[in-house]
Every structure is written in structure tokens, then in C-alpha cells.
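Multiple structures follow.
Look at the two complexes coming up: chain A is in both, with chain B in one and chain C in the other.
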Partner chain A sequence: MSRAALLVLADGRFPAGGHAHSGGAEAAVRAGRITGAASLEDFCRGRLTTSGLVAASLAAAAALGVDPGELDAAADARTPAPALRAAARKLGRQLLRAARATWPCGELDALAARFPTGAHQPVALGVVARAAGLDARDAAHCAAYESVSGPASATVRLLSLDPFDATGVLARLAPDLDHVAGQAVRAARTAAHEGADALPACSAPLLEIGAELHAARPVRLFAS
Partner chain B sequence: MNTTGVRATARIRARGDGRGGTSLPVLASDGPLALRRTRGSGGEAHVLLVGAMSGPLGGDHFTVRADAEPGARLRVGSAAATLALPGQHGGEARHDVRLTVADGAELHWLPEQLICARGCELRMSTEADLAPGARLVLREEQVLGRVGEQPGGLAGRLTLRIAGRTVLDQELACGAGAPGGWDGPAVLAGHRAAGQLLVAHPRFAEHPVAARALSETTVVLPLAGPAVLVTAVAPDALLLRRELDAALELLTTVSA
Partner chain C sequence: MHLDHAHPGPAAVGADARCPDGTRRALRIGLGGPVGSGKTATVAALCRALRTELSLAVVTNDIYTREDAEFLLRQAVLPPERITAVETGACPHTAIRDDISANLEAVEELEDTVGPLDLILVESGGDNLTATFSKGLVDAQIFVIDVAGGDDIPRKGGPGVTTADLLVVNKTDLAPYVGADLARMAFDARAQRGELPVVFQSLRGEPGAAEVADWVRRRAAAWTA
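The block that comes next holds the complex of A and B.
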């Protein structure tokens, strides 16, 4: 594997469209639940251990070569909010477009042909990690990190939060990120033998509720 | 594993009696899980789950199975809220619900709240398997602690399969021992009651329900299959029930 490939894929400037999404932070700011660095950290930790763990597990399983169709259906079942399913497919499509230009290969072409409207982003991420020569742990780390880096950078814009504070939040979450990535890889290995039902399905009620409230708002800074 | 707890499995089997009514060929109570048939309405059979003793306590493993066979219309409720408590010997308590609904059959599974008292460690799992033409209304409510009480630990999983395909798979972990952030702005944010209302109806395949917010903390979520989930959080059990009752009325109107 190439360690540099991991940096390219995890770089916030990788043109996969993630900057347009706040990961639920905009809805939480609007509801008065994120007001500064402390509540941002609490938000990120809750997102990481719920939808972040699910995303990391899906990505790790896809990187191990579990059938993307099975994983995409598992992602649908774990994403009851239609606004979040739509956002995940859109992000999956954008990621795949960028990755096919970066690491051209038949497996990515096949994924794009199979999911013309986009596969769930974590599933696409896992297949892209494979194409970039990365392993399941790398894919899990990427997905886990994205689950908190998006809300952190969005909150800098939404609250004019000091970027140093936002980065401090991410640094303090590093042990949790490693823990979640480890859990995800173990779950993905089990799923490779037993099927996608073995993957975690942790949910966060306020992320689902906030996503639908946010999608219905006429004026918003971020798409989700 | 703790072997001092109570293991109990209660079973209900309902089927159409061929005359527009519903018969109950199996209604089997077990230990603390007592089942009573109450007066039905129309062709619908009503069953009440009566807790004959408190529980589940740490180390207990309760299972309730209900099968709605062809032609059945079954409504199951409970006489009172379930209070999960720590056991004398500690350890995890388990509560499993296994439901099947056949083509043309209907199951309303509407138990009272689950209250997680201080010190409890409860693993709750509900699985519903539906045939393509089955109808289901299912409500679950989790209340974190009695009034003013620190909640015990709850890990719940709710799974819906229609025609063998998983349409919903959702875990919720909260209270003592849950992963970090469970009471933060992404998950519960201080709300002490969470609820799910799941409605599956073959009609939703051609006439899907639109996603909508019923309040700032209650949303109607059409799933990737012919079913709808209402997700709600509230400060307490009473306000939660009010939200879910309003949602049920709305969904009963659109699926009628």
C-alpha cells in the first residue's frame, strides 16, 4: 500500500464535493445545540460513534471486497431519513467521478455502471480505497475522519468558530477515531463471512430529525 | 453468563377463522410473561401482555413471539410500562421480540413504554419479518430513567424485513455505558424519551408517503421499501406519546 495515497484520499481538498455538506452541523447550530467548541466536540463524538461507525464499517467491508450491492442495501436500511440517503448517494457519485480520474480502473468503472445515481458514499469510498491500493483499516479511518471533519469545518463557517478551536476538537477525537476504525474493521471482517447484517446499525435520532428539518428549509448554507 | 436470571418465552399465534374473525390457536404465557385475550373489535383479536412480576432484571432473558398467519388481524398491547432494573447479581438483561406477519394479515404491536431505571443493563432486540402483502403497525418507546433518575444502559436494535429484504436496521445505545456523545447534540441532547413508530403497508409501494416534519423533534421518514418510520425524541414519555399518537393518526389515514 501507499501511505501517500491515503493522504490524497483523506485530504479535504480532494474534489469529491464534501465541502457542500455539514454532516448535520448546520441543523444542530440552527437548533441551538452547537454553540461553541465544547458542544461541537460532543456533537462530533456522537456522530462518530453512530453514523460514523456505520460508515467506517461499510467502507471497510467494501475495501475487503464484500459485494457493493449488498452493502448499498445495508446502507439504505441503516439510513431511514430520505434526505440522508439522497445526500449519501450524491456524495458517492461525486467521489466516484473524482476517483475514476485519479485512479482509473475497471472496478471503479463497474461500480459507476452499476449505480448510475450513485452508491452510498461509504460504499464508494471503500471501493475507491481498494483502487488506490489502500486496505480496510485505511478506508475505515477515512470514513471515520470524514464523519467529524465535515461538521468541524462547517461549524467554523456557521458560527465563525476559531479554526484553531475546531482543529483542537479533531485532535482530541483522535483516540476515539482510532477506536471506531478498529471496531469497524472487526465488524467488516465478520460481515465478509456472515453477510452485511453483521455490520453495526448505530443511529442518532437527532441527526435523522435534523436532516429532514434542514432539507425542508428554503434557505440554508449547506446541502445537508 | 449469568445463570441465575429468569428465562421465559411467551408465544402468540393468530389466524383468520374463515368467518371474518381471528382465532388464537396459541396463546402461551411463560413465567413473568402473562398473556390475556381481551375483548376484540370487528374481526380483530386483542391480546394484552401482563407483567406478572417486575422485570427484566439483570441476568433475565425474556422473549415474546407473535405470528400473524393468513387472515389474522391481531392487536397486542401491554397492561403497563416495562421497567428494566438491575438484578441482584448484576449483568445484562435481554428482551427479544420476534414478529412474523403473513400475506393479507395485520399486526398492531403497541406495547407501553420501556423505562430504563438506574443501574439497568438492557439489550433489547425487535425483529419483524413481513410477507410482501403483510401490514404492520409497531411502536417502541424508550424512557431514560424514572423522573429525575440517572438512566441505566440500553442497547436496542429494531429490524424490519419485508419479503426477506432488510428495510430497516437501527440500533440505539444510550444511558450508562453507551458510547460517548449519546446525550450530545447529535443523538439525544438531553431528551429523556425516544420513540419509533413503524408502519408497513403494501399500499406504500405505489403510493409512498412523503417525508415531513410533524414538529421540531418528530419526523416521518419513508424507508427504502414499502414502510414508513416515525422517529421522535421528547423531554418525557407523555410528550413523546402525544407526538407518536398524532403521527399514527396521520399514517392510518393515508394507509386506509
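The block that comes next holds the complex of A and C.
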């Protein structure tokens, strides 16, 4: 694996569309569940250990070479809200576009051909990690980190939160993040033998409900 | 990008001038500029002027609503399936310059669903004087400012004013009311832009956006030549 490639892929400026999504933070801010750094941290910890763990497991399994079609169906089954499915596919397609230009290879072309309307973003992320020469652990870390870095940077814009406080939240979550990535890799290894049913299926109902409410709002800053 | 119907091979990934099936894609022209300078009104006027001669579509980049897309829909300048809105996460310049992936999705989706297209206008959300379009997204860009925003804007320059392929100074009808000196704006623009063209227009009467439409026509002709 290349450490530098991991930095390229995990960089928030990697042009794959993430900047327009808040990871549920906008809906949570509007509902009064995120009001400052402390509640942002709670929100991020909740997201990390639910949809973050699921995303990290999917990404790790895809990086191990588990069939993307099976993983994409598993992602659908773990994403009840149609708005979140749509957002995940959109982001998967955007990620694939950026990655195909960045690390051109047949496997990414094949994934694009197989999922013309986009594979779930974590599944695409795992295949992209492979193409970038990264392993399952790297893919899991990327997915887990994205599950909290998106809400943190969105909250800076939504609440004019002090950016140092938001970054402090991410730093404090680092041990949890490592833990989640480890769990995800173990689950992915099991899934490589036993199939995608072995992947975690934790859900966060408020994220799902918030996403649906958000999608119906005429005025919003973020796409999801 | 789409492989479901028209295109056989793997999709384009960036600014490739040709679709995967070898046909030339639509010319993409970006319209940027500060909030309220008349970008959407100019897009509407261009649609009215060009829709009978060119197959065209519009992508809007609204900052927090679908307002611009809905304005164009209400004005019925194009059928609804030819207008698409991209959400920009509070950062309109990011969506047209630093991370163009959502806009590229939008233009390719338009080509796939209502194409073939000759021209796609990509309208930026209202932003600041440094906001320019990536060359990976558009083939040419128009920067729209207006006389009421201050007649010193051409002098101040910035990437939009200095480098856009066409600078439009809008709302010239307001010049006497806001004390804007059009001659000074023209002089300053020339100093900043050299030979790059500048159009002064008012959409309040004839000839409206005719001069900008002519510029777009010439671009479209050069694109297909």
C-alpha cells in the first residue's frame, strides 16, 4: 500500500462531490440536535458507529474483492431511506468519475459500465481504493473518516461554528474511528468467505428520517 | 457517463470533447458573476434568442434553493426537461471550479436524456469576483457584472473580470440613476482585458441580449466547424 495514495483519496478536496453533502448535519441542525461542538461530537459519534460502520465494512469488503453487485444490494438493504440511497448512488458515480481520471484502470471502467446510475458510494470507494493500490483497512478508514468529516465541515458553514472546535471534534473521535475501521475490516474478511450478510447492519433511524425531511425542503444549503 | 442506452463504451470522465460513441458533445458555456448582476435574466434571454436555431439546455447552480431553475421554468424559456439544478453545499465556486463532478453529471445527464444538444449553458450561483469556471467543465465563460454593483468593478479586476472570454456589463439603463460612468467602465475593462470582448447591455428593452447571443452563435459555429 501507498501511504501517500491514502492521503490523496482521503483528502476532503478530492473532487468527488462530497462538499455539497452534509451527511445529515443540516437536517440535525434544523431540528436542533446539533447546536455546537459538543452536540456535533455526539452526532458524529452516533453516525460513525452506525452508518459509518456499515459504510466502512462495505468499503473494506469491496477492497478485498467481494463482488460489487452483492455489496451494492447489501448497501440498499441497509439504507431504508430512498433519499439516502439516491444520494449514495449519486456520490458513488461522482467518486468513480474522479477516480477513473485519477487512477485509470479496467476495474473502474467495468464498475462504471455495470452501474450506469452509480453504485453506492462506499462500494465504489472500496473498488477505488484497490485501484489506488490501497488495502481494505485503508478503505475502511476512508469511509469511516468521511462519515464524520462531512458533517463537521458542513456544521462550520451551517452554524458558523469555530473551525478549530470542529477539527477538535474529529481529533477526539480518532480512537473511535480506528476502532470502527478495525471492526469493519474483520467483518469484511468474514463476508469474503460467508457473503455480504455477514456485514454489520446498524442503522440510525433519525438519520434516515432526517434525510427524507431534508429532501422535501425547498430551501437548503446541502444536497443531503 | 451514462451507459444505459445511447453510449456503448465506458463513459467520458472529464472535458473530453467527444462522447464515448465518437460524436462531438455539446458546447458548454459558463455564466458567472456576483449576486444579482443578471445572470439568470441573461440565460433566459439567450434561451429565447437561440432556442429555435440550437438544441440547448441549462444547468443552474443555486446556492440554497431551486430559485434560479424555477425562474427559468416559470418564464417557460425551455421545456422543463431541459433545465436542471445542481446543489452546491453553500459553496457555488467549489461546484464550478474545484469539484466539478456534480456539474459534469448534470451536463452529461442532459445530453443523454434530451440530447443530442448543441449548447449547454451552465449558470453559476451568485458569487464573488474571483469565481471562475474550470476548463474541465466549460469551453468558454461569460462573466456578468452590472452597473449598479459599482462602476469601479472593472478597475478592480479579479479573475472573472480579467480572464472571462466575454465580459457583460448589465443594466446599463440604470447607469444615470446610480451615477455609473459607462465610459470609465469600458476604459477600465479594456485596460484589464486587452483584446477580450466586453458587451454593455440592458435587458429592459431592445436589443436586449442580442449581442451576447451573437457571440454565443459564433462560439457554437466554431465548436462544430
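The rule is simple: the second predicted complex is superposed on the first by the 224 of 224 C-alpha atoms of A that agree within 3 Å, B and C clash if a C-alpha of one lies under 4 Å from a C-alpha of the other, contacts with A are read in each partner's own complex, and residues count from 1 in each chain.
In the analysis below, a residue touches a chain if its C-beta (ideal position, glycine included) is under 8 Å from a C-beta of that chain, and two chains touch if they have at least 3 such contacts.
Remember, predicted model here, so these are calculated numbers, not experimental data.
After alignment on the shared chain A, the placement of chain B and chain C results in a side-by-side fit free of clashes. In the superposition on chain A, contact of A:Ala112 is made with chain C only, not with chain B. For the three-chain arrangement built by superposition, the Cα-centre angle with chain A at its corner and chain B and chain C at its ends equals 120°, in steps of 10. If you count the residues of chain A touched by chain B and by chain C, you find the higher number for B. Once the two complexes are overlaid on the shared chain, A:Pro175 sits clear of chain B and of chain C alike.
When both complexes are overlaid on chain A, the residue A:Ala16 reaches chain C alone and has no touch with chain B. Superposition on the common chain places the nearest Cα atoms of chain B and chain C 19 Å from each other.
Residue overlap on chain A between its contacts with chain B in one complex and with chain C in the other: absent. Residues of chain C touching chain A in their complex: 1-4, 10-11, 13-14, 63-66, 86-91, 94-95, 98-102, 104-105. On the chain A side of its complex with chain C, the touching residues are 13, 15-22, 90, 93-95, 97-98, 100-101, 109, 112-113, 116-117, 154, 157-158, 218-223.
Partner chain A is touched in their complex by these residues of chain B: 157, 165-173, 179-182, 184-189, 194, 211-213, 216-219, 221-224, 229, 231-233.
Here chain A touches chain B in the complex through residues 24, 28, 31, 33-34, 39, 42-50, 73-74, 76-83, 85, 176, 197, 200-209, 212-213, 215-216, going by the rule given at the top.
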